[in-house]
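Two complexes are shown next, each including subunit A; its partner changes from subunit B in the first to subunit C in the second.
Up next, the complex of A and B:
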């Protein structure tokens, strides 16, 4: 029953966040210099007179008050009707679905990679505080944390794709091959370098926070008592340390989903990977308003659900939080 | 079970002689400074007895416990000898015997991992003491019964336990591996009268079962109630080592003025204000 109440409360909060983001995003687009009619016409703008433009605007409801337009859009949004993307010449929902499908593998691999590697490095570094291993891990993390993602991406591309020729230079599949004929090994081959680059982004933060918590645990009274029971350092690190350190690691892993998505925009751009990130850049540059708004909403949902999961897992790991909610 | 065994001449299980301890600290680039922790501490604990170490806060009682367990920080320098069961007790032997022959009952409930169920922590303690996996469950059941803990305690997290229960869980963890020497560091702090008596009774039971118990406490009354021998510590050194019955009357059987003053200061005795009675120790205090 209490679990139910918790979920209801958090889902309501999620709904409020989404509505608020929708209103702000709509307001920003309305205030921007983008003219949807111009964007729709594109090159054909010279062939169209002012009367026709006015007709299009009227047909699309631009003569109505802004609040009414917002209401119509929100209503459509609630029904799952996201509009038509003129640059892809397809329904927005289809564009997002296919682009997210391409990105999802990249995001998932990068997320798993950064979380697991970061956690592992943090646990080892914190357990052997002050050792050469710890120093090496810290040096690695500080270097990573101060390196821009796109620069790492370009460097990786230069070294692994151009110089060594291990990985393909671009795209999610070889050019000129029909999508359905590409096997999963080829896909993975194309995915490897972007995923690796993107996962490097999250490693440093998770590793450093995990290491900090590990250090606290290794100096705690219960770690000393575990030693008094005859426990080895490794025993303490895994039984007590990893248990405590997964709290900050979980929070960071889910809270960094937004950052991961932001990173994927840069990485997909550098690797010319046809995912959601690249679609975002195109939609922005070519004034595809329905697509841009829909991606904004989709990202909000993605990040908020991530945070919700983190909150839920936190309660599952720490019994004291479970009690506090009662 | 809590009645005292007649005092016999046991051979000492733990012998501490002339144990001194200091912590090095870097001051500047090349110089080191020292902080004295313990100074010529000597005592011996035999099987079948409760040996109490009494002293004020900062007297070095817990340092003594950690030195015996081998849990001192890396910057501690120890001199003097520790012998356990007739053999020298060095760092590698301490590491081998921790949890198996040497057990600690820690001072505070913070020694339990707040994120792990008590049952898991009991099982871990058994594993660390080298109990074979097949008999761990049986051991857990045994110690739970021994300390009057419900089987449901194994599902509980430490923060849900009462102070008395947590202390009994710690006692259960310390005795799950059948250690020969049990060092109880202030096991009765923060407990009400009934729970305190209960914990002291358990310690006496352990001694009656042939274990050696080192009871560290700041309260002479608790020490006298349950111990056979009492060592009084002050400012990092042992001031007096006496049998419990020597603390009687005016304290005339005690050899040092500090121990006598401590005895006389008890509310049930003369309730006298302790005077600065021992110039040597005063000097150590100031140093």
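Up next, the complex of A and C:
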């Protein structure tokens, strides 16, 4: 029953946060000095007279009070009507669906890669505390935390695509080929380097936290007891350490979805990968307000659900908390 | 007899941290001086030497307009430094303000909690882009965007500190002695929070620089005419596939070096001013 109450409480909080984000995001866009009609017209601005501009503004509802505009938008949002993207000339929901489909593979691969690699490095580092391996892992993590994401992507592009020529220089498929005719091997070939870059970048936090937990376990009395019973260091690390450390690692993995998406924006920009991150940048630069707002809402949902899962997972996986909840 | 060795040990620790702090500050000052000395030579166009690889004359090579990349990189570092300084200072003020607000009453605390949840709910970069968009880009846009998005961690620290402080006996005693609210805040609360604020500022600084570069790289920050590192790296993308690797490598390496320096500076300062958090 307490589990039920916990979920209700947290889902309610999630709903409040999402509505609040919607209002703030709308406010931010409304406060922008960039005029949406100008942005829509773009180069055609010289061909349009003031009457026509007023007509567009009226048709889009800019002559209404701001609160009414917000109300209309929230109402449409609640019905799943996200609006029309003028730079893609398609419904926003379609743009987001197709872009997220392209990004999802990248995000999934990078997420799995960074979680597994980070966990592994953390376990190894914590188990051999003080060794040169541990020092190397720590140095790598600390340096990585200070490295600009897009610069790592640029370096990877330079080494693997330009110098070695192992991977394509850009895009999700070869230019000039129809999307439907691209086979999955080609797709994977284009995906490999962005995914690898993104996963190498996400390693640091998980590795450092796992290492800390491993260190505690290796110094604990039950590790000493296992040692006295003849278990090797490796036994203790895998049988006791890794099990203790996997929960915080998993939690962190779900809690860091926001950083993962932020990283994917930069990486997609460098590799010219046509995913949701690139769509975000385009929408912002070319003032596609409906698309920008919708992406903000979508990613908030994505990240907040990740955070919720991270919180819930703890209670579900950890037998001690599960017992306490009963 | 028993106390002496402990005292010496703490002293050497502080001395070591102080030395580290001094060395790091000297490095920053040197970079600043170098940027001043080179001055505007990074803007000098020389089409005869365009896109030349690194050599004895141009240590970092030259860009597409024949401008010296080393001078431009140093100029970019100076620009990043100024923007980072301003943004982190403003961010610290925002964090302090919100921490104070959250301790006023229960409603305010819930409000700040909701704000924190919102800030952490949106992906950081998307929020930065939204704020920069709202402010129409440019230097002010970047500075405010960073200041308005980096406060949650420091606010949490300061709030906990404040709550502890407000329940402390010596504050109540001071009030009972008839001291004014302003006096108590000035002489007891602020001095107590100052080290946390300074450390929070120094720890925020590398993030501020990294996010300024990222925003500028994506095109939401400084204008393409300015010698910002983000602009230089964004431009370099067009020339990488032609093999002009130095355009992408050196500005990024300089950025990494600066961020690492300030990261070290922050942790050294934390060891010095807030020792109980760093004690093993």
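Note that the second predicted complex is superposed on the first by the 317 of 326 C-alpha atoms of A that agree within 3 Å, B and C clash if a C-alpha of one lies under 4 Å from a C-alpha of the other, contacts with A are read in each partner's own complex, and residues count from 1 in each chain.
Please note the rule applied: a contact is a pair of C-beta atoms (placed from the backbone, for glycine too) under 8 Å apart; a residue touches a chain by one contact, two chains touch by 3 or more.
What you see is a predicted model, and the numbers here were worked out from it, not measured in a lab.
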Clash or fit (per the criteria above) of subunit B with subunit C on subunit A: fit
In the overlay, answer first, second, both or neither for which of subunit B and subunit C A:224 touches. first
Which partner does A:86 reach: the first (subunit B), the second (subunit C), both, or neither? neither
To the nearest 10 degrees, give me the subunit B-subunit A-subunit C angle using C-alpha centres. 80
Larger contact residue set on subunit A - subunit B or subunit C: C
Now for A:240: first (subunit B), second (subunit C), both, or neither, which partner does it touch? first
Name the contact category of A:215: first (subunit B only), second (subunit C only), both, or neither. neither
Applying the document's definition of touch, where does A:318 land relative to subunit B and subunit C: first, second, both, or neither? first
Minimum distance between Cα atoms of subunit B and subunit C in the superposition (Å): 10
Would you please give the residues of subunit A that touch subunit B in one complex and also touch subunit C in the other complex? none
List the residues on subunit A that touch subunit C in their complex, please. 13, 16-18, 20-21, 24-25, 28-29, 31-34, 142-143, 145-151, 154-155, 157-158, 161-163, 169, 257-259, 261-262, 265-266, 269-270, 280-281, 284-285, 287, 292, 295-296, 299-300, 303-304, 307
Touching residues on subunit C, where the partner in the complex is subunit A: 114, 117-118, 120-126, 129-136, 206, 210, 213-214, 217-220, 233, 236-237, 240-241, 243, 245, 248-249, 252-253, 255-256, 259-260, 263
Which stretch or stretches of subunit A touch subunit B in the complex? 220-222, 224-231, 235, 239-240, 243-244, 317-320, 323
Which stretch or stretches of subunit B touch subunit A in the complex? 69, 71, 95, 97-100, 103-104, 106, 108, 110-116, 124-125, 128-130, 157, 159-160, 173, 177
